[in-house]
Each structure stands twice: as structure tokens, then as C-alpha cells.
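Two complexes follow with subunit A in common, the first pairing it with subunit B and the second with subunit C.
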Partner chain A sequence: MKGRWSGPLLLGVPTAFLLALFVLPLVSMVVLSFWRTENYHIVQDWNLGNYLTLATEGAYVTFLVRSLVMASLVSVICVVIAWPVSYAIILYGGRYRLLFTLAFAVPFLTGEVLRVIALQGLLGPLGLINGVLMALGAAPLRFIMYTNVASAIGLVYLYLPIVVTVIYLSLLNFDARLIDAAKIFGASPARAFFEITWPLNLFGTLIGFALCFIPCLSATLAPRFLGGPNGTLYGMAMAQQFGESGTWALGAAMGVVLFLTSILAVLAVCLKVDLRRTGFTGFGRG
Partner chain B sequence: MYITLDGVSRQYGDIWAVDRVNMGIGQSEFVSLLGPSGSGKTTLLRIIAGLEKPTTGRVLIDGVDVTDLPPHRRGVAMVFQEFLLFPHRTVYENLAFPLRMLKLPKAEIEERVAWVVGILSLAGLEKRYPNQLSGGQQQRVALGRGLVGRPKALLLDEPLANLDRELRQEMEVEIRRHQIALGIPFIYVTHNQEEALSMSDRIAVVRRGRIEDFAPRTQIYDTPRTAFIAQFVGRSNRFEGTLDGAGMLASDCGARLAVPAAGLAAGSRAMLFVKNEKLRLDPAGATPAGANSLACTVKDVILRGAYADYILAFGNRELNASRPRSERAFLAGEAVTASFDAADMDLFDADGERPS
Partner chain C sequence: MKPHESHSAAAQAAAPASSSVDRRQALKTLAAGALATVTAPYIRPASAAPTQLRALMWEGYLLPDVIAGFEEKYKVKFAPTFFDGNSEAYNKLRVGGTKDFDLVQADGFWPSLYFREKLIRTVDYAKMPSTQHLFPVFKPDQYKLLTDEKTGVQFGVPFCWGSYGTTYNADQVPAEKAASIEVLFDPEFGGRLSTSARFEENIALTGILVASRMGTIDKPRPDGKSFNPYVLTDAELDGVEKLLIEQKKLLLTRYQDNATLEQLLASGAVVAAPEFAQVYRLLLAKKAKGEIDTTFAHTLVPKEGGLGWVDTWLVSSGVPDGAGLDVCQSFIDLMTAPETMKKIALASGCSTTIDIRSLSTPEEQKLYLMDRTGELSKMYMFDQPSSTEKWERVWSRMQAA
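After this line comes the complex of A and B, so read on.
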């Protein structure tokens, strides 16, 4: 079926969906961020106060920087772990490959809150690790008790499956015989990896990175349950504006800041990476 | 010998994909490994390349035992059926890759790439990416990447299988020309007998992991050593039957054929092959040209241009004859006599071996 209307229809439905459920809320959030909230009431009074607060109050700047550092670190760690894991599945998974990747999705079946609480039980003062250590007479590991390290562990745990899946899919589409070709023409295994395997899977790796980085930036659960007093992240602070403090306008401004930061990060990557050099062939015959 | 395979075998599970292969290949020889798919010819090539390790046996290149060397230390190059150009690199970068791995200075890399671009007429394509090239152009780049590093040997794994017929024949001539010009051995894997026959000095017929015969191409075609080769190389008519004491073969299809005096006992089973182009045709009633004659009816005529293929009905079976167009033409339905001499046939015993 390739009727006159099929094209507009197929593209129109998702467009309408995006407009209604993404663009409209985003616009309303942007509008709200230029208003103010007073005693749990929205006051339609155009001003830049929210942004001024975010830019000048130390705590918010700290939260943002901490979030950026945290998200970057967690994403890098995820990529570093995910690469060998995905590669091993491709190399040695044999006919169980699919099963291995599905196994990574098992934690998703329980829900994020449950997973974070489970991790709290593992890392906390009376948790499995420290409990065992203390029972054995050793000192508990303080750096995993309500700290940023614990938050990071939690975030890696939450987003690693996504990164593994994305890199696995990238490697699955990668023609491993190109490595043979590189070796025949004189590349050592390490050289072949950096000349061929890495660049041809860079695009997939970046998608995995982004799919970890962006949600980490606005993470609320992991820092709330695992992080300590110095563990507040931007997303968590934002959630508080909409919850306990009722300062929705400020929360909306924080949302806009997060959104712009994410876009900037993606743009920076796009400008740096020449898709053609990653074997991307979506340009057709030029 | 420049390249020596000494008792090379490769086992997968309990199957011997390559089985006790001994071969010697000369310094400037074009050798084809010809065999049906699954015969182990590609595995053999990958063993020479170092991409597979032989279970037993040794591989020597230029006097050096390379059995335990990884592919990147062997100094051989390869052209793949699927081209396997690096999709994220331009034509120039693909061609320069082997040279960069050799750590040659930039000026020499440029010079050598310019040389292959010249001999393979790739000028103007240097800045393109592989997906912007036609199949034929990709194949030329793959060939160029194989030649640019001046390898000790070039291994070709069905490099023309993905090209159309006309392009393939053009490339056959070209590949052979480059091989002669460079004076290095080319080892060419194919299941296509025409490719093997048109380019090779010698052909190794591979069957079930073993070398059935390794001989000059004319010998492989004209005097096949085994029934398998007779069947596989060229197109021929096969007769099976029992020998009687008077040097006649009573074939299962009802023909009585005079066979050359051979070391086969009376009463033993034998098979003989007559190449399609050796089967001569005369109108029924005329004196047949060959000593053995079979009365047939023309069933179909397939025009091939310079020659015509005739499908003949002989009793319950079909025979195939291929005759030049310069000869008398026959029409479907016509009665003809197919004939051939004893010298035109290849006789084998029940095990498919030539009687000695």
C-alpha cells in the first residue's frame, strides 16, 4: 500500500503525538518558568527571577555541576563495562546470545523503586556488604553508605542494561569479517580494534552513552535513597520543587535548564563526530 | 616451492574440513582451488592466510614456517567475495591501509596508491566511500588493496562471484594480467570452473577436504584423473555399465560402447564420460563420424551464439551435445546419430579411478 495519503498519515500520527504529549507540555513548562509561585499558587507575572535564583544561588549551581559530573562519570563507567560484556556475548554467546541480552532486562521487570531499595539493602550501614564485614569483625566500608559513590553505583546498576543492549545491537550489525580483513592487511588485533571495530561502533556507543547520560542528569530515586546529605542532584532538587516545596515555577525553570543542557551535550557530540567516519550509510549514494 | 602445504588438516567437531593436503606452489604461479561449496577450499585458503589454524600440518611461505604466525605477520593479502572494504574509509584510505600498517613514509604511500589507482583505473574515485561505488568498482578497490602492499602472495576467495557475467569475464583477464606483471603467486578459490580454467596455470580440484588432483589446467580438463573431476569440470555425458570380455561396455541405458583396452576385468562395473563438445551429430542414416554411435532424437535446441546445445533423447535418458554453429544445424524432433571415438572418452572403474 503506497497510496497518496499513506506518507502524510504515517508521518502525521507520530507528529501529532509528539506535538500533543511532548511539545505542548514543554512549551507550558517554559511559560511557567517565567512566572512565579507564591504560597502554593501560580502567579502569572512575567519575570526572570527563577533563572536568577538558579544562576546565583550556590546550592543550585553545585547541584548542576555535581549532576553533570555524576552523569558523565556514570555514563563512561557504563560504556567501559558494557563494551567487553557486549563483545563477549557476541563472541561467545553462540546460540544463547539473545538469552544473555534478555537476561539484562530482567531487573526491569521489577520497577525502578524496588531496584534502588534493593541496592540500598545491599550497600547501607546494615546492608549485606557492611553487615558481613562487621560480622567478620572488619570495619564497614563508609564510602558506600549514603554517599555519592553509592549513588553512582546505583545509577550504573540502573542504566547498564540499556547501554549493554545498545552496544550489543551495534556489534550485532557490525560485520566482524572486517576485522579479518584488517588483520590480513597487517593490523595487529589491537590495531584492528582501534582502526575498525571502535570507529564502526562509535555511533552505537554514543547512543548508549546518551541514553545513560540524559536520564542520569535528571535522576531522582538513586540519589534520594542511596546518596547522602551531600548527594543532592539536580533532578532530585527539581522533584522537590514540584513536591514538598511547591515552588513549581522554579522547578519548571530547572526543567528548562536540564533540557537545554541535554540538548547542548547532544549537539556537542554531533558537531564532533562525522557520521560518515562511523560507517553510517544513511546518506545514500552521493 | 614458494608456498608449501605439508600434510595440512583442519578438524571441526568430528569433520575434517581439510584433510592431509600437500601442495607446492611456485613463485609466479596462478593456482585455483576448484571445488563444490563445502569442499573445504575456503578453509584451506584461510589456513594459508592465517585466519584459521591447521589442526595438524605446516604451512611454509618463502621458506619460512608460518604455521604459528598470526595473519598480520605473514605478508600475504586477500581479496574477499564480499569485498569487505572498510565502510568508514574513503577509497584512498582503503588503498592506503596496508601501507600504513607497514609504517611506510607518507610520500611512498601516496606514490604506491597512485600506482594501484593507475593500474586499476580508479582515478577520480579516491575520495568516495565504498557505498558510493558500483559492485565492479568495489571489486577493483578490493583488488587494489590486495596488490598495493606488494604481498608475498595474493589469496582470492571467490572474488568475482558477486559480479555480473560480463564484468566477471573482463576482470578474469585483468586479474591474470596483474598476476603476470607482479610475478607473485595468486591462489584463487572458486566453484566456477570457467574462472579456474580461464586464469590458472594449475588447478587443484578439492573434494571433501582432499585434493583430488593438482595439475595443469589442460590436463584437468582433457584427461581428468578421477570420475569426480570428469563430472565436475566441463560438461559431459555419463555412461555406467558392465564390461564384457570383448572390450565393450554394456551401459545401463542400453548402449553398447567400444572402450579402450584397459586394465579392467570383464564383468566389472565401469563408468565413462564423454564431454558434450566431443559428441558429434549426423543426420540419421548418414555414416556416423565416430566409432560408437547412438540413435537419438533432438528434443531441444538451445542457441548459445557461437555454438548450439542440443538436448537429445536416447531411450529413456537424455544426452547433451554442444556443436559449433558452423556445422549443420538440427531442429527439435529430428532423428540424429550421436557418435564419438574411444579417444574422446574418459573411462573409470567403479571407485571412480582411472584404470592403470
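After this line comes the complex of A and C, so read on.
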């Protein structure tokens, strides 16, 4: 496969794919964000009005702050749950490790909408939890009915399998003999974990965090079905611009801001963390 | 010669010319084949009978058994795409949807907007005999919203109708309170109210209440026309925003679909909610079967005024004359046939524009408002907001408050 064309072909296909399906839509969104809409009509009138609206209209800033807080909380919760689960699979999974990991991927076989609606049924006034409580004569748990807590539960449920899979794969490639070496030299299990296992799997953990954080930032379904009247997040408000309100230009500007926020969040993590010490091998051996 | 090229020059020379296929030829053949495969479904004479009928419609009107029969008879595949609100469908049509859809549904003033913008085309009532069964108020001579003022041609067929009235738990909410829009803003029912997630109807309905409170509902309007809750002044919109923010803390949730509202009302978690009377009828059916004990009632038009709608079937402007149009009109004819309409009424809980009294019991006639079609004239028809940008800001500020 090392013909004259194999290199350009192998690199060309993904490049064309990225250009067509990522760069071009992004450019068109950036262009649209500098136009405006008027009663469902796009007016090609170059201006900064949409960005001015986003910066000065408190509502959109509130949506973004709510989303940042929600995404951070959900990602931290996912990592906190995923670590012991993945570690337990690695330590005690034996020959069933792969089965356990695949079991975590089972929810992906159903659609996201289906999973959120199922959760709505579970957490709602007639759901399993409140239904059982009321049958036992107890008061229903109002904080899980159409609240931000319900949204957070929904997002954790949606993205936990991804974080578990990523951390599991990181641990799978981790050389466990390093822990034995640390113990031989007198390190306690806790010290071996915090000085060997955790730092050398930090990059995998960060990838898991990012794969949860970024979609949570633009989450639409969970807040829509579970969030209630006070649960509007940035992604939901952005989807509204492209849906019934038809204010596409403002929606495009919201999309650009979301993209930049995601990039900044990832950059901030990269700057704070020394990737060479985290198990990241992407820099080569130089 | 590269290492993996094992054939000798002699062997190559000996091979017959006709059977040798070089890489360039193979690639050309593959490319041509792929191109033919990809484009074949789209290269069809315009007059050819369609193999697919694509509809942009409300999900509640889908009847699988009726659709299956139509597919069998006309040898076409019915491909529906669902939407929630008119503006969503309008957006889809405007961004090239006339090429993606053959049939479209809309209500109120929206079809006339579609026709003005050439998103839909004219239809021929003579090709749809079921239209003879329309109630008089929905026939073209009385119902003018589907007729072009200039040419007098029709561009849609009325299908179902209703209001955006209030369904309430009659054991918990007194009828006199439920007769007003105020009930949806009453702190007495805090935490037990719900409204739909659709921003247009929330703002328009609140607009009626605000204009009623401000006394501007009967006063001369800036545009010289009579009051339309979809054309609100800035002062009225400010009032709407304040009222919606006050209402927010009284709401359990904004329901996304009828199934959710039905559950919320049936469980007693919600005692009053504005809706299209579909859930109300489904709840009454449940009560009749003994599945629930609660008594529900429905205010069709609140005393301040209410919103009304007439769902219609439209044909996209992308459908040419000939076989394509014929299939579309045959489909509309089937969907508006009295027998089909009866099934739709029972399945979706909607009042029909087709007179199905001969197929209905006296109870059904009362429940589906078959003798109250005249009340439609008292309602404000669903319309396009005067400024979607201003309405969007009101809605966003309320959501963020």
C-alpha cells in the first residue's frame, strides 16, 4: 500500500472529510453570525449586532454560565464515578473485562431521545421513584421533578458510559508493574495510586472529562425534557434560534461563542497540565 | 519493477488485450458505477409517477393502517417528517424544503403566508371529492384563509380544528376561574400549572390577557386593524414578559408533548393547562373506561378571547402538475374521507372539519364539538409573530429570569 498515491489518498480522504463536514459548516456559521434575520428572512447585512446582543443581553450570558456550571459539575461527577468503576473492572474483571466494558456501551444501542424520555418517566411525578414513595405513603421528591437536578442526573446517565470506556482504555494500556515497583520501594497503596496510577492516567481522564464536558455544554434534550421552567441551558436556547423562533443569525453567533468557549476550556486544561507527565505520547520521544 | 509486481513482461504481453484491466480503467469503471448508483433515484422524467410521498406533518395525525392501504394502492412509500410548531415547518420549507417535501401541514394564517412566498401550490377541490363533506364554515365560500384573494383559487384543504383552551381538573379548579386566562397565572394553583413549550402561543395567549388588563384590546390599534395577539405593541410585550416571569414560578413544567401532559393531569400533579383539547378528550375516554376517577373539563374560548387553529393539508410548490400532484391530491382525499376523519378524531382527539355526524354517537358529536363549529369566528387564528426577534428576546429573558 506504499504506492505513489497511497500517502495523499490516505491523508486526503480525512482532510476532505474534515473540510467538507467541519470547516465549511463552521465557516458558513461564522459568516451567518455576522448577518441578521428579520421575521424568518436572512438579511445579508454585515454587522456585529448578534455578538453585541449576546454580550449585553443578560439572558444569553445567564444561559452560558448555567451551562458551564452544569457541564463542569456533570463532568466531575462522571469522572468520580467512572474511576472506581473502571479500576474495579481492570482489577477484578478477569476474563470478563471486555464483557463488563461492552455492558457499559449497551445504552448506546438505543437513541438518546429514548433514553431521556425513559428517564423522564423514571423521575417524573408518576415515575418509578416517586410512584414507589407515594405508594409507601411518603411525599414525592420534588427536586427530581423537572429541575436542574433532574437535568444533571440525565446528563450523567447519558455521558457516564463514555467516561467509563475512556478511563478503562487508559487503565488497560497502563503498565501495572509500575505499581509493584513503587510498592517494592516502600510506597503505600494510596501513595502508589496518587503518584503513579493517577498521574499516568491523567491524560485519559482528561479526555473522558472533555468528551463529557463539551457535549454537556451544548446539551439540548436533557434540559428540555427534564429541566423544567428554570432549566433552560445554552444549547437549548441555541436550538430554539434554529427552530421555532427562526433567528438563525443569532443562533449562529451563539454557536461561534460555544465553539470558542469549548476551545478555551480545552486550552485551559492543556496549559494547566504537563501532558508529558500524564501518559500522553502524542509529542513523540523528543 | 516494484517488489509486489510479480508478473513478467512476457506474461503480460501474452495476456489478451481485451481481458487486461489497468488501474485507471478499473477506477473509471468504479467511479461511473458509483455515480450511476447514487444518481439513479434522482434521474427520472418529471411526469413519472412518484415512488415516494414525503410529508412534513404533525405526528398525531399519522394513521399507520390508513397509510399502509394508501401505499399498497398507489405503490408509493409514505415518508413523514414531523414538526412541532408552524415556524419550525416554515423554516424547513424556506431552506429548500419545497424540494424535500410533497405534502405540508400548517394552520391559521400560515398557509396564506406559504402561498404568498410560493412555498406551496394550488390544489383542485374537484379532484378531492371528500371536500364535499366539509362543514359549511370550512367550505371555500366561508373559510377564506385557503383561497387566493386575487385569483380565487384554493391552495389548501381544512383538516382538523380547535382552540388553545384550558383543560382543568374540575374537582380542584372552579369553573368560573377556569373561564378566564387568569387561572394560568393564579398563585392558588402554584406548582400545579403547566403550559406548552411553544413560545408563540404562550406569548400570544398572555398577550390577550395583558391587552385585556390594559384595556387596549378594544381600542384602535397602531396598524389600524382589529386586535391580533400576534401583533402586540412594545408596551403590551413588556407586560407579557413580566407576566410570564411571574407565571414561571407557578409552573411544574412546560410540557413537550401531549403524552406528558396527559400523565401530569391524570396523576393530579397538574390541575390546569392550556392545550388543543386533544388531551381533554383522551382523559374523558379514560374516565369512561374507568381508568381514572378525576373529572376534567375544558374551556374552549376564555372570556378575554382565545386562540384558534384550523390544520390544513397543503401541496408543496416543488410538486409539478401531473402524476405527482395527482398522488398528493389522492392522499389528501383519503385523509379527509369521513371514515378516515373519524379514525383521526378518535386517535388524535381533534375536532374535524369534515362532517362525520352520521358516523358518530350523540356523545361523540358533543365531545368533538361537531355542533360548535360556529364558535371558530370568536377565536384569534394562529399567525406569524409581528417580530420574531422581539418575541424571542421576551421568551429568552423569561427563561433566564
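Observations
Everything that follows uses one rule, which is that the second predicted complex is superposed on the first by the 280 of 286 C-alpha atoms of A that agree within 3 Å, B and C clash if a C-alpha of one lies under 4 Å from a C-alpha of the other, contacts with A are read in each partner's own complex, and residues count from 1 in each chain.
Quick note on the criterion: contacts are C-beta pairs under 8 Å (C-beta built on N, C-alpha and C of every residue); 3 or more make two chains touch, one makes a residue touch a chain.
Everything numeric in this text was worked out from a predicted model, so none of it was measured.
Taken together in the superposed arrangement on subunit A, subunit B and subunit C fit without clashing. By the touch criterion stated above, A:R224 is placed in contact with subunit C alone, subunit B being left untouched. More subunit A residues lie in contact with C than with the other chain of the pair subunit B and subunit C.
For the pair subunit B and subunit C, the least inter-chain C-alpha distance in the overlaid model is 33 Å. Annotation: subunit A has no residue touching subunit B in one complex and subunit C in the other. Within the complex formed with subunit B, the subunit A residues making contact are 175, 177-178, 180-189, 191, 195-196, 199-200, 276-279, 281, 285-286. Contact residues of subunit B toward subunit A in the complex are 49-51, 70-72, 76-78, 80, 82, 84, 86-88, 97-98, 101-102, 129, 131-132, 145, 149. Residues 84-85, 87-88, 90-91, 94, 197-200, 248-249, 251-254, 256, 260, 263-264, 266-267, 269, 384-385, 387-389, 391-393, 395-397, 399-400 of subunit C are the ones that touch subunit A when the two sit in their complex. Within the complex formed with subunit C, the subunit A residues making contact are 37-40, 57-60, 62-63, 120, 124-126, 145-146, 224-225, 228-230, 232, 237, 240-248, 250.
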